[in-house]
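In the two complexes that follow, subunit A is the common piece, with subunit B as its partner first and subunit C second.
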Partner chain A sequence: MTAFLAIVKLTIRSAVRSHIFRLLLILLLLSIFLLPFTLLGDGTPKGEVQIFLQYCLGFVGFILCLSSVWLACSEVSSDVETAQIHMIVVKPVRRAVVLLGKYTGVVLIHLALLLIAAVTVYAFLSFRLASAEMTEQDRMMLNEQVLTARALYRPVRPDFNALAQAELDRRVASAKEHGQDVFQYQDDQGRQEAFLEIRKELIATYGLVSEGDTMFWQFEGLPEDLTDDDVVFLRYTIYVNRYYTQDQNSVRGQWIFAANYTRLDDVGKETVVSDQIALPEEDILTAAQNEMGVPIRNSYFIFDGKAEVGFLNHDTKTSELNFEEGRGPFLLIRETGFFSNYCRAVLVMAIGILSVTLLASAVAACMSLPIAIFFSAAYMLTGGLANYLVTSIPDVVDYQSEYTGTFGYRFGDLMLNLIVPLQDFFVTGHLANGELISFPFIGTLFAKDFVLRMLPVFLLGAWIYTRRELALVSKRG
Partner chain B sequence: MKNRYTLFFALLAGTILILFANVFVQNRMSVIVKEDKLVDENFAAEGTPPLVAFSTMALGGFRGLIADILWIRAGDLQQKGKYYELVQLSDWILKLQPKFSAAASHMGWNMAYNVSVACKRPEDRWRWVRRGIQLMQDAVTMNPNDPTVYHELGWIYQHKLGNVLDDAQRYYKETMARQLMFLYGKHYPDWEAWAASPATEEALRERFPADHPAWLAIMEYNQGDLDRLFGEFRLNGGLPKELKEKLAPDDASVLDHYFRRKWLKKDWNVEPETILAVNKEYGELDWLLPESYAIYWGYVGLGYTDGRDQLPLTRLVLQSLVATFNYGRMLLPKENEVSDFFLLVPNTGVIDAARELYKEVLKSETYSHVPFEALYENFLIDSIVTLYTYSQKEAAAKLYQELRTETKNGNSRTMTLDQFVLNEWEDDLASGDFKQIGNELEGLLFTSCMLIGYGDREAAADHLALAKRVYDSYTRQHADLDRVALPPFSEMKARTARAIIENYPPEIANRLRAELEEDLKKQEQAAANASGSVADQEAAGQ
Partner chain C sequence: MAEAVKTAEKSASERPVVVSAVGLTKVFRDFWNRPKAKAVNDIDFEVREGEVVGLLGPNGSGKSTTVKMLLGLLYPTGGRLTVFGKSPRDVENKKLIGYLPEETYLYKYLTAFETLDFFASLFGLSKEERTRRCDQLLDMVGLAHARNRPVGEFSKGMARRIGLAQAMINDPAFLILDEPTSGLDPLGCREVKDLIKLLKKRGKTVIVTSHLLSDVEEVCDRIIVLYGGRIRANGGMEDLLTIRTNDTITVPRLPEDALERIRQIVRESVPDGEMSVAHPHMSLEDFFVDIVNEAKKESLETSGSRSGGAIAEYLTGDKEHDAKVVLDSLSREEETPAQTLAKKMEADAAKAAEDAAKKRQDELFAKLQASAPAPEEEKSRLEQQEIEAKMSEANRKLKDLLTNPTDRKD
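Let's turn to the complex of A and B:
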């Protein structure tokens, strides 16, 4: 233990002496104290706070990640390259302890910096909020939409496989009933092709609402302990046709909310009454993220943890309105306060630093300094691209029925399973949008990225480090 | 060995020759760079902005890559309807790629047009339009030789702010005028005095040396901190009272103009010298209005065309001049105080400039493919009607003569000026239904009453006379149709006046009430009689 602590201490001391570390430290200070004054928001108090949180904390996280990669690589591999490692390994200390000590030293210094930076950013934000002049409406919007932590509830996704199967069965039955030829459905391949075609069609038309039609979304797992004073928000974005078309405009529609409540009947028995409450028709801007408070009592709206929201298309100018999946409608319900969410965001960044340092230490245990840095940087970049590949493919094609789409999706998915995307640890977007960073999310992130993916890499690195012929490296140097 | 030396000297001689030849090529290149304005004069004179210089030097070729990533992020966020990062991302992209003027134009246009209309509140919309304009102003600073950037900036003023296509257009005009009025200090500033004031801090210090009483007063006020003084000036819209009292009136005026021109340059990127030049070229403009700014940028941009991209800028200036002629003067209920009750009336002072520009364009071969002749004829016809309606019958007659002699179908116009104007109105009304005609007439009456409210009696009388003639003409044509009969003219007039009196500020209402007292009384009397007779009939019926 003494040896371990001594290595930790030495690593911290050596880190502070590093020029690159000092440069990164200066960048960190600039991002805390200078960046807020150069940022340009959209002019609203809400936008100013959002951009402040997004960029200040984002830069802090990014610089600390860079710094931890640099220091971990430098501390582990330069000892080997300069032969200083011999001074340590001749002592009664195991190489794994050396590596762990260096890792801990790098992590500790960065966690301390993260803590200082996070406290400073929070204090700075509090000062700005206290001194800012804003209207009551702006302050309310800020408190309700940014300085909060709202859980985001997505509508239940239809089971497209079951729907496609049902539609296929219906078509076959209908063809048989009318005495039509059903040869295309007779073999497995024919049925599979027809099934995929129907499924693709269902996915493509999901979220489209024609003029005069109503679409409903069901929500489940909602909290049942809400009081009527709690505000449930509905967030949605409507598009005219697809989101990338130029047809965006103002459209006319009407929101409908299902209301359920119990009532005593004539014989004194409780019965559930289902009703619908429709808001007046309104003009709605498309391609803009809209948000409104659900205007009915929570006790009526959320029943048995479920709720239902509908939209009636009254627009006569456009062919179809589109609710793109992944862009709403969502329900947002406050779970906790902003401070708690802020601490969670910092915790996620800390997990990021732990993970990135783990990777860099493991790589540096087997490679020289430049290659270790290059490898770590390439790893992080590939993680970012894989994430983009996986998230963008479903937007473009139904990846399960297109060969190229399937290949791209599967490849990106494989990489995502092997590689930790760095952006997983940047949750400042959630924080800036007042979205809850939940403990299950943090726990999953820790288990998936740190324990299951980074720790094995580190253990492998440590194993190689213990087996590595260090004298040869020193001789070459 | 000998061969090796020969080869060495041959290579050396060749290198020297090439380097020597390079001198001539370099000289020629320098001349081309200068002649074609390939290097920005402003950058050469003032140096590249620090952030641009830093990003260019520090990031090297990577800045393009970073700009691409930011561009993709901006597009992605916009598709999701999240706009709060857009200003920052656009600013960074511009700083990373300052010479990519097409990207800057797109971003400015995107904010002013696409993002603004995604907001419901007019103040939010204005914020985005202003952000778009500011980005374009930065793009102009970084690409002073690129005419397309001037056109894009001018277009936002002319089309987005000046035109009536946006629901919030009146709010835009009012807010822009309000901000500019605060900056100018009064509606029509003395541009010559502004232009004569020091343009830089060095020039101000030369004007007020260390022992000058004005400088001593500034020293006493805040230790000569001009930046802090400028901050206070912007906040108050003028010099602090405490300082002003200590300054001689002339010195206070110089300092006032110095700060105002600095403010104008900083916020709107506009120079008073150029405003003077624009006024001289096109006539006195109302600089509270967006069209004036469109003309400004068109005028400046035309100076950099050298035959390139001239048509869009010429068209911008021409369209803005026509708009200025029709609505280029802002009437305010109270002098030097902008309110949402402003009225836009023609600025007839630009008519000659617009005509001259039309004629120039018609003569030029550059624009032979554009049907400017028909546009010119329409412009003349509209101008004649407007001038006639606004008490400038002499000018209208002159233009009418020009219409008859200088346009294709001019010879066929044999009517007198009076007949011609009435005929134009009747043509407009002939195709309209009862409701449209009622609206047109109400429009004329409204303008007439408003002009009384703003104190322009002569123009008001002309509008009223024209409204009466249109009314008479319509009732003559439809005398046999009771269902499309208009109410009596005096009643229409009194009703319009009453609506204005009830809804407009006291400054306008009082003037109007004083002027139309008789008519209003008569209308009240008639209304009382009508309700009395109805009551009598009802009583008789019972």
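Let's turn to the complex of A and C:
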């Protein structure tokens, strides 16, 4: 244990006294204190705070990840190259302990920096909020939509298989009824092809609302113990037609909320009454994230853990409006306070530091310094690229579509199963949107990224490190 | 008593084997695993407990490769290599080993004390013990005044001293010193050699590699000469270096008539043999050490390392001290009662022999002083010139040495 602690201490000393580390520290301070003044939000206090949280904390995390990769590679690899490791491994200390000590040293110093940065950012934010002049409405909006932690509920996905099957049956029946030729549906292959085609159409048109049409979304698993004072938020983004930004403008529409309540009938028996409450028609900005509080009592809106929301397209200028699945509509319900959520975001960043340091240490244990840094950077970039390839495919990724067969998608999917995308650890977007970073999410991230994917890489690196002929590598020895 | 010494000497060949190499081979390979160079080629040797062995050879002869295999930094391609009966990679074994590499690879941002403290920590020593040993070692290697200076600022010689100190931090039973005197001034060289002699007295096993043959000759019991990865000579210093066809007699300065009588006896005994009579030379190192000691008496200051202080108390083993108790307990574990007795008898015998020699020397000196004529009368003008020339030559060499001490290596 004394040897392990000595190596940890040595690593920390080495870091503190290195020039590049000091440079990164300066960058860190700049990102906390100067970056917020270089960014402009949407001009509202809410936007300003969102930008501050998202970019400032995100940049801190990015700098710390880079720094931990560089330092871990440098500490492990350069020791071997300069033969300083010879002086250590000829002492009664296991090489695995040396590697673990160096890893721990790098992690500890970065966790300390993360803590300092997180406290500073929080204090700076509190100071700015206390000294900022804003209207009561702005402050309320800020508190309800940003400085909070709300669980996000997604609508239930339609069963596209069942819908496609039903549509197919309908078409066959209709063709028969009209005496049309149904030969293409007679054999299994023909039916399967028709089924897939219908399914593809359904997926492609999911979320499209034509003029005069109404689309409804069902939500399940909502908390039933809400009081009427709790605010349930509806978040949505509407696009005109597809995703082309040049088409975007303001459209007219109307939100409808299903309300269920019990009423005593004539014989004194309780019956459930289903009703719909429609908001007045309004102009809605497209391609922008909108949020509003659900304007009916929670006890009516959420019934048996379920709720239903609809949208009626009144826009005559455009052919159809599109609700992209990844952008709502969602329901958001407050779970805990901002401070708790902030701490969770910092915890996720800490897991990120633990993970990338694990990767860099493992790689540096087997390779020279430049190759180790290159490999680590390539790993992280590939993770980012894979994540982009998979998530940028339109529609939902787990529905089979024409895109899922492409090489890019397959490659991205394979990579995401093997490596950890760095974006996983940047949850400042959630924090800035007032979305809850739940403990199950953090636990899954830790288990999936750290334990299942990074730890095996580290163990492999440690195994190679303990078996390397260290004197072969030395540039000096 | 003399018999006891003989017994102790005899038992040297029966002491436990510390290093055993059988058919040891190391082949370096290229990226495609093709053999590139055979650095060590099927060598066999043993090093026994208490031996000081010199590993000699020109550059590329396989010395460093052998040393690195002994330390588990390189793995043998063939053959068998054991240290204390175990694989060189055995971690527990390393508690018994001290290593001074050819170049001292230190962490430049650590101070001298922090450096030693770090290496001591790797042996799991307590904080108090670490502090005590570090302070004593810093004093021993003459760097007590540079205790809190970063080692990155040190000269090569100072770094070498720190390297030596770290090799001694665990009071190792087996010490590997790769070019221990490289980069050191003559005073430092002398201290290192004294240290090796002390270690030998304490029954430690030492392997020394050096290009400075005089250093090796002075401290080693045995040498192994490597060339092209093979052993060319392996044996005791006495066996390998003694010229058995010649004799040398060293006596205090004799009067001319006595010398003439001796010449006469020699001519009668060896009529055809060549004979020379000359005054013995003092080595340049001895000469230098005398000068520096004189300077020290005059309290001249230097900014670099100072000549070492006393040997670290925990390494000396002749005073009752806490550190000694710890180390003695360690060495007790290694020694059998018979070995301990043999060592004690050897030490007693050595002390008795030393006393007797000193007594004889005193008697001879007294006699010589009584019989010898005044030196001024004896010295001829020619002799005076000869002495002056030698002094001048010695001073020139000394100046060269101080200007570029590393030249000695070559």
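The definition used in the following text is that the second predicted complex is superposed on the first by the 437 of 477 C-alpha atoms of A that agree within 3 Å, B and C clash if a C-alpha of one lies under 4 Å from a C-alpha of the other, contacts with A are read in each partner's own complex, and residues count from 1 in each chain.
Definition applied: a residue touches a chain if its C-beta (ideal position, glycine included) is under 8 Å from a C-beta of that chain, and two chains touch if they have at least 3 such contacts.
Here the structure is a predicted model, which is why all the values come from computation and not from measurement.
With subunit A as the common reference, subunit B sits beside subunit C without any clash.
Looking at the shared chain after the overlay, A:Met141 reaches neither subunit B nor subunit C. Contacts of A:Leu5 after superposition: subunit C is touched, whereas subunit B is not reached. By the document's definition of touching, neither partner reaches A:Leu108: not subunit B, not subunit C.
Using the contact criterion defined above for the overlaid structures, shared-chain residue A:Cys343 touches neither subunit B nor subunit C, since it reaches no partner.
In the superposition on chain A, A:Ala83 makes contact with subunit C only, not with subunit B. By the touch criterion defined above, A:Ala194 lies against neither subunit B nor subunit C after alignment on the C-alpha atoms of chain A.
In the superposed model, A:Ala96 lies in contact with neither subunit B nor subunit C.
Within the superposed three-chain model, A:Arg327 lies in touch with subunit B and out of touch with subunit C [touch as defined at top].
Of the two partner chains placed by superposition, only subunit B is touched by A:Leu285; subunit C is not. This overlay, made by fitting chain A, leaves subunit B and subunit C with a least C-alpha separation of 29 Å. Comparing the two complexes, no residue of subunit A contacts subunit B in one case and subunit C in the other. Residues of subunit B that touch subunit A in their complex: 78-88, 91, 114, 117-120, 124, 127-128, 131.
Note for the complex: subunit A touches subunit B at residues 39-44, 46-47, 50-51, 54-55, 237, 243-244, 248, 250, 285, 287-290, 327, 432-433.
Contact residues of subunit A toward subunit C in the complex are 1-3, 5-6, 9-10, 13-14, 17, 82-84, 86-94, 469-472, 476-477. Every residue of subunit C that touches subunit A in the complex is listed here, in rising order: 28, 64, 68, 71-75, 91-95, 97, 99, 101-103, 105-107, 109-110, 114, 118-119, 121-125, 166, 170.
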